[in-house]
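Have a look at this one.
The letters A, B and C name the chains in turn, as written, and every chain counts its residues from 1.
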Amino acid sequence: MNVREVETEREFLARLEHGADWREELEELAAAEDLDAAWFTAMGAVQDAELWYYDQDDFEYKAARFEEPLEVAACVGNISLLEGELFAHTHAVLSRRSGQALAGHLDRATVFAGEVYVCELDTTLEREHDDATDLDLWL
Amino acid sequence: MNVREVETEREFLARLEHGADWREELEELAAAEDLDAAWFTAMGAVQDAELWYYDQDDFEYKAARFEEPLEVAACVGNISLLEGELFAHTHAVLSRRSGQALAGHLDRATVFAGEVYVCELDTTLEREHDDATDLDLWL
Amino acid sequence: MNVREVETEREFLARLEHGADWREELEELAAAEDLDAAWFTAMGAVQDAELWYYDQDDFEYKAARFEEPLEVAACVGNISLLEGELFAHTHAVLSRRSGQALAGHLDRATVFAGEVYVCELDTTLEREHDDATDLDLWL
């Protein structure tokens, strides 16, 4: 296991912009506040969503698109650097009116309303290619 | 996007009371410890639950009731003021014996067991009516 | 309700080891860093998983096994002492390619990739038998 001690520097609460993209909002927050490394949790609702699932045999993400309003029951992720750009690695659990839950890697989703808590960490998270998974991982 | 820098003041661990209401327990904790603004994550199990889904066309919450024991796989939310009262905005992911997940805005649920971590934030979160969503939002 | 004020001491970011067990990795981190009490959130992907559901009538966990790759959309839990051993009480929300979500108490899962944020808390969390639930609870 790779582990490093970190320290929370600044903390932020954000309300995401209605109509904007959920993940882009997180990346804009990171850019605006100069956050290279951060951890966040969030909740809210979206107007649609694209969830990705990583195919561990093909080493490729497969998309599932949901063109319907959904609750964001839970969202966990982190801000890191991917090829020099700020990247919000975002996983989320969404839900339908019936209570049915959908989940995965959140690539995009149109914000209906979003409440986010972000902790800046005093470290550098730079994603690099990992051979075992063919993913870009930090540490 | 609306963003504000905050700072964690006091932190709490709580074990929710067996048989009590999950959301009311969070609001009682907030009242007892004088927390106007806080962020929490939690987990546990409930004896039943009512999950709400916001209908983005009708601007109304629709309820789905589950009269059965469920795990609380994840719970994310925050404490704010709504019309002068402490309100625990609570989203949760629940699960059945098969592993099937249910999720949404948690209005009520009878605690079987609950473990919660709460961070008090040095800010004021006052919910006000938002025209775009017809929800009460802070910031 | 049982509530105690705590304070975050050290914080850690970890990347779980590909091929290792998800929960054991968390317990090894706790052992390596001497964490008796901690709270964590995490995300990633697993190669398989065993989710437990607590039967509130029989007072027994029932297992559901998934021998397939799954995303870890959200993971919330804490480190405590159970019969003198470090125990990572771990709940998780997993997902399939279709976006279908599965959730529950995560007993075991083979890590594909895992990103974890852990906060050490300056308290002692010792699980003891609770009569009402027949579970081992702290506080």
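By our rule, a contact is a pair of C-beta atoms (placed from the backbone, for glycine too) under 8 Å apart; a residue touches a chain by one contact, two chains touch by 3 or more.
Since we're looking at a predicted model, the values are computed, not measured.
When the CA atoms of subunit B are superposed on those of subunit C, the rotation angle is 120 degrees to the nearest 5. Counting the residue numbers used at the interface between subunit A and subunit C, under half appear in both copies, so the two copies meet with largely different residues. Remark: subunit A and subunit C have CA centroids separated by 21 Å (rounded to whole angstrom). Contact with two or more other chains is made by residues 8, 41, 74-75, 93, 101, 103 of subunit C. Across the complex, subunit B is touched by residues 8, 10-20, 25, 28-29, 32-33, 41-43, 45, 47, 69, 71-75, 93-101, 103, 112-113, 115, 117 of subunit A. Across the interface of their complex, subunit A is touched by residues 1-8, 39, 41, 51, 53-57, 62, 64, 66, 74-78, 89, 91-93, 101-105, 121, 123, 125, 130, 132-133, 135, 137-139 of subunit B.
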